[in-house]
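After this come two complexes, each holding chain A, first together with chain B and then together with chain C.
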Partner chain A sequence: MSHLRKRITTACGWLLADHFILVLTVVFFLVMWRIYPSMGGARNLANISSNMWPLLTLVIGQMFVLLVGGIDLSQTSIMAVTSVTGSMIMTLRLDPARFQDNPLWGVVLSESGGLLAGHVLAVPTAVILMLTIGACIGLINGLAVARLRMPPFMVTLVTMSFFSGFAIYLTRSENIMHLPESFIVIGRGGLGPVPYAMMIAFLTAVAAWTILNRMVLGRWIYAVGINRKTAVVSGVPCAGVIVAAYVFSGLCATSAAILYSARLEAGRPTLGQHLLLDVIGAAVIGGISLFGGKGKVRWAVYGVAFFVVLDNSLNKMPLNFYAVDIIKGAVILMAAVLDVLRNLLSQRSPARAGA
Partner chain B sequence: MKKFRSILISALLISAIIFTCQCTRRPGEKQTVICFAFQDLETEYWVAAHKAITETLRSRGIMVLERNGHQDANRQLEQVRDAIAQDVDGIIIIPQDGESALTIIGEANRAGTPIAVFNRPPANRSRPALVVVADNEKIAEETVRYMVLAASKLERKMKPLILVGDLGDQNAIARRQGFYNVIGERPEIFEKPIEVPTKWDPATTLANLEAAMQINRGVDFIFTSSDFLYPQIRAVLEPLGKWKPIGDKDHVILGGLDGDSTAYMLMEQGFVDATGVQDLFFEAHAIMDALLKAIQDGQKTPEEWIEDPGFAITQENMQEKREDMWGYRVMAGLAEAKK
Partner chain C sequence: MILSGELIHFGNITKEFFGIRALAGITLSMPSGQIVGLVGENGAGKSTLMNVLGGVFAPDAGSMIWQGRPYSPEGPADATREGIAFIHQELNLFGNLSIADNLFIDGFPRVRRLGVLKRGTANRLARQRLEAVALECPVNTPVENLTPGEQQLVEIARALGRNARLIILDEPTSSLTQNERERLFGLMNELRKGGCTLVFISHNLDEVLRMSDRIVVMRDGCVVSTGEKREYTVERMITDMVGRQINNLYPEKTSRASEEVLLRVEGLSRSGTVDDVSFVLHRGEILGLFGLMGSGRTELARILFGLDSFSAGNLEAIGRPLGGHKPAKSISRGLAFVTENRRDEGLLMEGTIESNVALAALRRRAFSRWSVWIRGGAIRERTLRTAGELRLHAADLRRQPARNLSGGNQQKAVIAKWLLTEPKILILDEPTRGIDIGAKYEIYTIMNNLAAEGAGILFISSELEELAATCDRILVMSNGRIHGEFSRGAFDEKAILEAAFEGLRIGGTKR
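Presenting the complex of A and B:
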């Protein structure tokens, strides 16, 4: 009996272990590699890597909001708005037949491209503008949640709807092509063997890790997520912390928009429209709690890695397209159940509780 | 305990890597593998095309990797990249739009994997690909010309409306152009056309058409850029008392493009005057034949634009031409299967 209890305790320990998802990812990858030898090929590894980075920046941003007990459904619309506004600044030419009905035609847009078409500062200006817009939308979300006490789900659902529509209005549903090569290279190129996308994701992860582990803001973020009332009593500036989390999420969504727009070689008003499930799914798989107060940058990396490897392996299988969706949905559901289970277990073993 | 767990994890990972590296697959006879990446199956046209392509390829002993991009250009790009990494012999895509088609073709070109684009052409011809596309402008012109003929018999000024598709799609642009080419020829009959954007989405169509009809109650001539939007047109016209068959004084002259079974049924019932038909089966077989030939010949970046001339089916030629209409054949096939 005691032997059985010991085994159960060990199993629980594994479930609660920090590296559980990493081990799962590696084992899953190796099994798939055995079945599909192309999994381990250089080109496929490059694919897995390049698919990971934009998603990782999104998930890290989402994690900040989840940590304070919120959710950011507007990340995809931030991507869409920033993608088209940045592209409008730097595009090198536009087809008048498709853009002359645009409200910005003759003001920002013309046949010879965007406002700064061909200018040496076009790309940096566009990127700064994109980041500013992303941060501003995050600020709107944060203020509505923190100051007006509106439910995060409702606030970000509304901003998602508003800014998705706004992106389509700005472009009249048109994609903006002919972006400068110096921008496109962000999605495709790299410094030696290290892709630029990886560097951006790495810098985002380092910034997030520093905030969460080396700054007092990080402690406050966890405190707000674990118990807001206690945090208030303890003197944590909750409203400011929540606003900061949403602004960070907006900045991360913009970074992802830069990476996705560069790899697709176009500013798209529908960019990321169907990505929300992947973001939330990867976060949940990684073990970031939907109930707030629990999550680490490392877990975000593991969740994204598992999600991308799963997606990649499903693409190798000769399955019907609906089977792929079913399997993916089932895995996310299992991860959510596992999250609940882990929460229960960690509550029973206080030594492991917390972040 | 912590140290023990770390050792255990490391041991597990190392043994798994060794196990995987040691395994070798027996080389067998290589089966041709084609990745078929489509953007979604939201209309009858795409469902029928998906069925025609997958069934034909499988019947020829080819393994088909089906990938649904769910209308997400980035996801489709990732799926195609994964397929390339898997060393597929060829790729058929139904892209989300002309711009993403171009990016995806670029990926395939760089990898030296032959790629074929079905029905929704790339934004320009800068990157080589096999492309099959209907002559949408000409088909739209033929269809609208018949509708104009019907309008001219009424001897009154008409208020035309066009349901425009997603203008990121070359097909939508060509259909819109075909409509304007013909309407522009008869300024004595038509007022300035009203444009209703649909983005190829039924809900958007319903909302926008309802709003347009509230403001412009006199609309009596509607051209839809795709037949799959007829249910939305009916939902808007019926409460306004404008869903009437040909011959009724309140009949709205109706036409579209695609050639699906709903269009045929509505023509038979007398609600629709004409519809443009893309020859789906010709397109599906033409693109498959071209791709398989390119694979056989070892071509890495084949280039060919195959045009489907299409035709307009009207109230006048319906009986003689319906056998060439894919929507009628799908409907007849289903009826046959039910028996």
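Presenting the complex of A and C:
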């Protein structure tokens, strides 16, 4: 009896450990490499890496919202809207047959491309506009949650629906091709062996880490997520903190949109449609709690690494894509159960040592 | 088969939490049909022992015998099945559901096989059970509309419905009014007559002595003494609990109020809770605010601190008006608020002690540059120093979550949080509730020292004795109004209590 309990306790200690997921990722990768030797090939590694960076920026943004006890379902629609609007500014050529009945034809769009087609400042302007839009949608989410006290799930579900619809409306469901080379290079190029995508993800991670660990805002984010009432009494401007988290999430989603659009060489109204589960799944696998107040940048990195490796290995297996989705779903479910268990354990075991 | 004599026997029970010994070989018997008073300081192991009994924790070693048979519960459900009910300090009810629903939450009467709820039967049974605890109330009342005392009766009714033979009451009286206490005590006596055993855990030693047949005193995970009630006095219990003689429950008063006004309140009102309240708080003064539950004292404190708004009146802190303010502004003006409920409003239970202590002072220049960048070193240094000054006992301030601290140390963490903001006006709402005598003494000392250093303290409490021992003046609040003011030297317990009840008589039966 007590032996079993002790063993369970030890196992729990493992599950609660910080590096558990990283170790799991490495072990899993090595096992898969044995089975599918192509896993370790240079091309596959590059593939894993390029899948990782945009997902990481998304997860880091999602983490901020999860930390304040919310959830951001609208990230993918932010990606779609920003991808489309940015492309509309800088595209070099549009096919009249496809875009003639677009609401913006003749205003912003023409045969010779977007508003600033060919202009030196086209790409920077597009990027700034995208970031602004992403931040604004985050602001709407944040204000609705913090000021109107609406449930985050409802708010972001609505903004998700609204803005993904809006992205399709803007483009009449057409992809916007012919993006300038200086934009595409963000997704493809790099400084020597270091891809730009990795640098952007890295900068996002550093920014997130700095906010969480070196800034007053970071302390406030954790405080609001752990116990909003206590935070209020302690003078934390809770509404502002929550809004900041959603804005940050919007900015991260936009960065991911830039990376994906550049890699796909198109502005897509359906960009990121299937990513939502990946994002929340990776966050939860990393150990970021859905109950708020618990999460680290490092955990986001681990979660994304595991998820990308898992995804990659599933693609190597002779499975059809329903099966892949089923397995992914099962893994995420396990991670969510683990999250609940971890909460339960940390409340039960070392706690109340005397009280 | 009810054995006369022993109901439960603990045989050499030990329990460790990560190397900290919470129970060090407890051997103890409890006879049936008695009220057993279990006392000890926070961290003495009372709750751990009861959690072992209730199946929450498995002991590392030792055995239990329940009604003559070996008993080793796998979880709380086993304990419930055996007839052991644990009524926690924080009640386990669903506020939005009716009394009847709460009573039958884990076993609603159904039409056999169809799974259809038999509401009529349920309501009839519920009425019977409420009769058993003498609660006169329609069974469809939502539980959140009941007073804390009535909610407790519902919990007891639920325990009785499961044929409980042993009921553990953990600090049952701490949130009850005097009348509700008497009612609970009456019920406890009834239950004992009916053959139930009750374990009564409380820091209120007078009540324990009055109600119990037997006393068990714990200290540092051991039972230090146990025996019939007549062998005990409050003094002996205290001596046993702390392991030494305590001559003074209160430190000597060293602070003295000056003439300088720190906080001026004039005609403050908020509809339904606070009605035309005026008073001043001086520099160096400890001002007591006495009132029963629901008298509006907590509501007044919340308004002062900017958590709630007020509809009329004036507020002036450190010579400047204050109004429409938020807590952040109150803090920058030098106010601090130790709330009544440290679990919900005082602490980030899952956060580290350091993050708790630093939280309110983060924007101070000493701890952050332009309110943006954290000076981690300065925070750490001050946290450590303040924790040392307050004698906050913790294994690791930077890693240990606040949840792991005992009640007294949690309260010290809350106070440390406010000391970092260097407050000039401290509002403390029931700061000594649910903490042991040693920690209480230390908290009085801290208040005393702060006042001596020039802070003004508003000390809210429903324990007249501690107010009388520590305060310069006592205001009595009732039904939202101030109904009396007493100066040190003229404290008269009877007059103060009369004033506290006065408002109730005038204002009718307001909850």
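The working rule: the second predicted complex is superposed on the first by the 338 of 355 C-alpha atoms of A that agree within 3 Å, B and C clash if a C-alpha of one lies under 4 Å from a C-alpha of the other, contacts with A are read in each partner's own complex, and residues count from 1 in each chain.
Following the convention adopted for this analysis, contacts are C-beta pairs under 8 Å (C-beta built on N, C-alpha and C of every residue); 3 or more make two chains touch, one makes a residue touch a chain.
Since the structure is predicted, the reported quantities are computational estimates derived from the model, not experimental observations.
In the superposition on chain A, contact of A:K294 is made with chain C only, not with chain B.
Of the two partner chains placed by the overlay, only chain B lies in contact with A:E265; chain C stays clear of it.
In the superposed model, A:N227 lies in contact with chain C only, and not with chain B.
When chain A is checked against chain B and against chain C, the one touching more of its residues turns out to be B. Look at A:G235: by the touch rule set out above, it reaches chain C but stays clear of chain B. In the superposition on chain A, A:N320 makes contact with chain B only, while chain C stays out of contact range. When the two complexes are overlaid on their common chain A, residue A:S161 makes contact with neither chain B nor chain C.
Of the two partner chains placed by the overlay, only chain B lies in contact with A:D311; chain C stays clear of it. In the overlay built on the shared chain, the residue A:V216 is in contact with chain C alone; chain B does not reach it.
On the side of chain B, the complex with chain A involves touching residues 1, 5, 9, 12-13, 16-17, 19-20, 23, 25, 63-68, 70-75, 77-79, 81-87, 97, 99-100, 102-103, 106, 111, 123, 166-168, 173, 197, 199. Remark: chain A residues 13-14, 17, 19, 23, 26-27, 30, 33-34, 36-38, 40-41, 43-44, 46-47, 50-51, 97-98, 168, 172-175, 177, 260, 263-266, 268, 270-275, 311-312, 315-316, 318-322, 324-325 touch chain B in the complex.
The touching residues of chain C, when paired with chain A in their complex, are 17-18, 20, 22, 42-45, 47-48, 51, 56, 58, 60-61, 72, 305, 307, 326-328, 330-331, 337, 339, 344-351, 355, 358-360, 362-363, 368, 371-374, 376, 401, 403-404, 406-407, 417.
Across the complex, chain A meets chain C through its residues 1-2, 5, 214-220, 222-223, 226-227, 229-237, 293-294, 346-355.
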